[in-house]
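So, here come the structures, one by one.
Two complexes come next, and they have one chain in common, chain A, joined by chain B in the first and chain C in the second.
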Partner chain A sequence: MIHLQLGHLGTASVFLAFGLALYATVVGALGAQRRDARLQTSARLATVATFLVAATAVAVMEAALVSNDFSVQYVANHSSIGSPLWVKIVTLWAALQGSILLWSFLLTAYTALLAFTAPLSPLRPWALAVLSAIQVFFLGVVAFLANPFHTLASPPANGPGPNALLQNNWMMAVHPVLMYLGFVGLSVPFAFAMAALITRRPGSEWMVQTRRWALTGWGFLGAAIVAGGWWSYEVLGWGGYWAWDPVENVSFMPWLTATAFIHGVQVQERRRMLKSWNVMLIALTFCLSILGTFLTRSGVISSVHAFAAGPVGPAFLAFFVAVTLFAFGLIALRWDQVRDRAELDAVVSREGGFLAGNILFLAITFTVLLGTLFPLLVEAVSGQRVTVGPPFFDQVTLPLWMLVLLLMGIGPLLPWRRAEGASLRRNLAWLAGGFVVSGGLALLLGMREIYPTLTVALAGYNLVSLGLLLGQALVPRVRLTTRSPWSVLWSYAHESRRRVGSMVAHLAIVIIALGVAFSSGYRVDQQVKIDFGKSTTFQGYTLTPVDRFMDRSAAVISSGAIVDVSKGGRHVATLRPRLNVFGSSQEPVAKPAVMYTFSHDLYLNLDNTIGPNTSYVVLRTIYSPLVSWIWFGGLLLVVGVINSLLPARRRWAESRAEAGAEETSPA
Partner chain B sequence: MRRLVIVVVVVAGLAGVFLYGLLRGPPNRDVPSKLVGKPAPQFTLPLYQRYQATYGNSFSLDAHKGTPLVINFWASWCGPCFQEAPVLEAAFNKYRAQGVLFVGVQTQDHGQYDAGRKFITRFGYTFPVGLDNDSSIGVNYALFGVPETFFVNRQGIVVYKQVGPVSDTIMAKEIEAIVK
Partner chain C sequence: MRKVVYAVLGVAVLAVAGIMIVKALNNSLVYFVLPNEYARDPQGFAGRRIRLGGLVEPGTVKFNSQTLTLTFTITDSIKSYPVVYKGAPPDLFKPDQGVVVDGRFKNGTFVGDQLLVKHSSNYRPPKPGQPIDVNMLKKTLQ
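Up next is the complex of A and B:
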């Protein structure tokens, strides 16, 4: 007799969810094809059932993790009794199998939500069928190739716990979830785009319906990338946040194409242009997110990140090929309908600016893709093994980024269709003023490196641009009212949410650009050896290791130094850089201690093991200017996205009034 | 139809490359070096100026027969090299008393003298370092990538090769093996 275990329940849920997704795909497509409302409704209900069953699978896994059920293989391989509760919970996405389960779950959640919130349209049945088909793939991988619910006949008493680098920081709880929410969010506009092609309705309908989804997905992906940078900053001990590693690149590429997409969308909404372009961008975004998963999970590309090569590699490759053929094949077949008929009235116009920006984003994407795949291409052709390092990426993309900043300032100030000579010249004069003044200030303050100086100049230029945009919107409003400018600004921010949201997002990009420019251009990195009780000075700070410490818990043993930081004789901080040894692993992992300030970070990483008799500490001391601006910029970006997503006050009030009217009006 | 053909051809090409990658399997970095157990290939490395007073204008392997050596290959663009640099410098300070000499070979970094100096200054390397400008030393040592570190004993025989960044534990273990 089989003793029923959590693992069995999990496996059963996964297979059931797979079956339901298959049903929703087939019946949904059939219903859409035959325009049969009953079949369509049945498929919609099936997406909800899939979601509920997938949620059960996730709940079972969480239950197994939290209750230390080591009869479940995933728990035995990746969890440990001594870990704190939060680590146990997030262990769900600490390894491949759990991550794909989470991804599938989020996909079912989005699909179910969409099934009930998307307005009835000819596109909806097909879009749901496409999303269900994507679910079939992911749930199939979980069920057949990477089932985390395999049970062990003789379970171990304890497990090793998740990868030490992941346990080292709470960011591990956040970054992957944001990433999957981003990828999944962007698959919604993809599904609608495909539905539009299938139904031969390649107008703007699909785009308008999924504008919010696209923006949400894009916002999550952006937040995930910044969070990932912060994680690597807080954990890896080299004081950096981005190394152009393949793992980073593959999350960056879909974000770049999605950025191009959310800008292209506006041109199509406004001018009915860039139709084919937008369809291709969203298809590219989705294909790149699958490609990225394939590249990082198959071991095809060597990376400093160690990934176990599992059976999912070939599956993701097959899916990538299928999706790319499907999407771009469909675009090719429908080319006559998606092709743009309108022509650009003038290059110097809002749409011209958008188009140029999009080309830049695609150029950056292509550069990153080439750099990432180049070693593989060369090896396939010539058998040589080569490595492409950051110099390539920096040298090629930095000029493009500068152009992006340049366009970001002028683009929003250009009118649609054609720019008027006089107002264009006036705006350009203002922008040039901002560029010259801030660039000049940078030079006066002693900046000489080309890119950081240029970034400062362009930041000034962009601030002027934002000021002009805000001024153009607010000045007439203030003149028409007796209210204070602040209250006008407040109501403007609520009424024109998209406009203000985009300004906030652009401001966030300026802030991030400054953070990147300064922290990479002007960081100071030294290694010092200090005896306990003695002091050393570093960038105006006096560092004194006053004592050693050792913390022991069931999950982790930390040992490190207590370093007193003072400036001009005044105590400013006490930092505790340490080495952590997690569970049964032998290698200690350094955990840097960071003093965050507005203008710079002081980052200490411990480079020697501290025992009871150690008389000195070896510290890697890093002074990194403006680095926290990157994290703040990331946060601001999210604020901008949220502001764009919220319904405008006026429209909101109207819709509430309408709803009220419906309730009161006689049937 | 023509467009469809283009799409199919492009996707098939991409798929071919990836399939090759899959069939090749994950790049194996643990290939035991053919050099292990063999004499370390001779090289002469022009040193950065700051080391010339102490170690001479160039470092020649022949001139250091009988000295246990740690030969570290790095590049200014390589992330893991930054990661391991403090470990190397700390290990050199710790073991130099036992007669071990380290030598840093900056390689796959053609013409990057400034970047090399910046790196050395950043980590305060006290052992001799030079730029292998045409990467020929790297070729003779059959580098897979950077960083790689070779441990050479008093007889001039390569005892161990580390691919990827070194750690305190590896340094302790392998240096013990070469000072014997």
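Up next is the complex of A and C:
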């Protein structure tokens, strides 16, 4: 009975991992409390053991999925023999139980990595204990509430396979993993912040130690959100990528607070201000990621009455409450130490800009939270079933986003402490020039919609700002050397990695903003009916459904239309919008066909079933300008983060210049 | 002095933001109702965007494939309304199927721009002649 053993091995590893995490928490906390090096070492080793055992659990699940072992309940419920190998592998995170297993595993991996790479400091034992405590919760959920390894006495011959919408696109393989890497990454600075409070060392130590982790987590979360948008675009057939859906919102809120955090950190590093603010931001980020899991996994969002439906929901709610009480209680307890003593010297300063930006990010977070939770509130009070539509989120957040873009341009140009009149006025004049020229150009080209036009103006303004920043850094360097400006730029990018990384990230945000503004402001969305062999024109393109097709494989049956796309008599693309039916499910899911170009996308979604005798196709045709800029911007954002993370090359140019200066200076 | 100015400014900004948010929330709340619930208070929903849920009444479905206009009657067995939807019927659209339409009422006709077919394993349309359990229907369609 080899297959029975697989399920049992999985359950055993999950319980063992849970026990080890518990050990690491208790012994780690004791060791930290008593400053006992032996206990601390024991706890550190336990985190590594937890990781190895959790890795075993994941490996067992993968083995069960790949070998179609339907005696394991999770495999029986969510996998299918006919699925391609990649679908079987990613089925690990296609449903709730497996996702939590993956999340736990990533958490143990980060903790073990941290146990061996974090420098020895008074913070480390406590941070590891906090992370182990989080592991106890997650592994406890896996072991006691959502064990995917339950074995079935009479296994079915085949399973239904994962949700069709998830199978429809390879993005499903990427998006959830990025999301969990983001959440887990951000729990590292959270753990260090808590350790700092526990040990009464609320200085900048915890932040400096976890700067890379925070940035990594933030980068993964951002990449996950963009990837999720792309998945939605490629799969859901409405040509959009963001619908302010609760599931989207709950991943967006921790990203917003984490964005505020990575900016706030810099103020604390430079000016020793915003101490309590930063601790609260990272605590908020962690709490929101747990709240999000609760909201999306418990079913409360779709109905209050499903409140007690799943066993996982109440557990996450309880954990959310416990973590919130613990974190904010601890902050209150240590308020005297984290409270800021310094005051802002002037509002118009770098730190003033950072603070204003932070307030904006929190305001957006609050808006999203309100819009997400409001239906719950209304239903609880009046029993009325309501949804908060996208207009709410757009109306409230768009002005705030414009302010974010405004600050993003001026903030980095402001000096710390206090801006001088003359240089400030010069910079402002340049920025205003960029704003007016690009805004005016947009108006001349016929743009009239307020937000897209404003976004173009602010994009020009931000490009000028980036140019000024780069110019002010490079011009003196170029003057000092005989090297070419390009080689100076190259070495600057390697030396001032964080600075250049932030410029790249800001450029990426400008690109994403333009993509969002144009694709939502100027998209054309029509439904057309075309007989086979006939043509219709849409946005300058001639669409001709030339034939129908049907593909059959073990996992999926697709049928659709072959649409010839031409422009000015020249063939440009052949698109195959289709309907897919996966495995045993009867429900067809549409798979749109997209022609990506630099300036716009042509997006076709099939709205009718194509059978052998169908004489026409009904297409939802969407023309969406600049939408691919969003995906490119997401990629660039990741590049910016990576650049910030890489170790800075030794400032050889500077040290050489210094050496030269010493030689020539009169002794 | 400076602190007082900041505090007053802060409160003012918060107040304005609060009013704007409440207004925006109120404008974009979309109520989910069954035909009989709408019939009780048509004035209350006048001009509002709503999600109307119900069953497709058999024998009322017409689809004009030239203009891509779908018309049918939506019912919860107590009250029925004609629905006009611009677009092709979704694949699972059929008589007695539970549907949710987003849109607005215009002169007694519901003009929808989004049509969702709700499939559920726990709701079975009643046999002809038997009444519909309205609460059950509403729960299923949510």
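A few notes on this one:
Everything that follows uses one rule, which is that the second predicted complex is superposed on the first by the 636 of 667 C-alpha atoms of A that agree within 3 Å, B and C clash if a C-alpha of one lies under 4 Å from a C-alpha of the other, contacts with A are read in each partner's own complex, and residues count from 1 in each chain.
Heads up, the rule we're going with is that contacts are C-beta pairs under 8 Å (C-beta built on N, C-alpha and C of every residue); 3 or more make two chains touch, one makes a residue touch a chain.
As the structure is a prediction and not an experimental result, all values here were calculated from the model.
Superposition of the two structures on chain A shows chain C clashing with chain B. After overlaying the two complexes on the shared chain, residue contacts for A:Val378 are found with chain C alone; chain B is out of touch. When the two complexes are overlaid on their common chain A, residue A:Tyr616 makes contact with chain C while staying clear of chain B.
Of the two partner chains placed by the overlay, chain B and chain C both lie in contact with A:Gly389.
In the superposed pair of complexes, A:Lys529 makes contact with chain B and with chain C alike. With both structures placed on the common chain, the touch criterion links A:Leu333 to chain B but leaves chain C unconnected.
By the touch criterion defined above, A:Asn608 reaches both chain B and chain C.
Contacts of A:Thr367 after superposition: chain C is touched, whereas chain B is not reached.
In the superposition on chain A, A:Asp245 contacts chain B only, with no contact to chain C. By the touch criterion stated above, A:Leu236 is placed in contact with chain B alone, chain C being left untouched.
With the contact threshold set out at the top, residues 302, 385, 387, 389-391, 527, 529, 587, 607-609, 618 of chain A are in contact with chain B in one structure and with chain C in the other. Chain contact summary for the complex, chain B toward chain A: residues 3-4, 6-8, 10-11, 14-22, 24-27, 29, 75, 77-80, 82-83, 85-87, 89-90, 93, 108, 122-124, 144-146, 167-169. Residues of chain A touching chain C in their complex: 302-303, 305, 363, 367, 370-371, 374, 378, 384-392, 395-396, 527-529, 579, 587-588, 607-609, 616, 618. For chain C in complex with chain A, the touching residues are 17, 20-21, 24-25, 27-32, 49, 51, 65-66, 68, 86-88, 90-92, 119, 138-139, 142. Residues 236-238, 240, 243, 245, 294, 298-302, 304, 307, 309, 313-314, 317, 320-321, 324-325, 328-329, 331-333, 335, 373, 376-377, 379-380, 385, 387, 389-391, 525-527, 529, 586-587, 605, 607-609, 618, 620 of chain A touch chain B in their complex.
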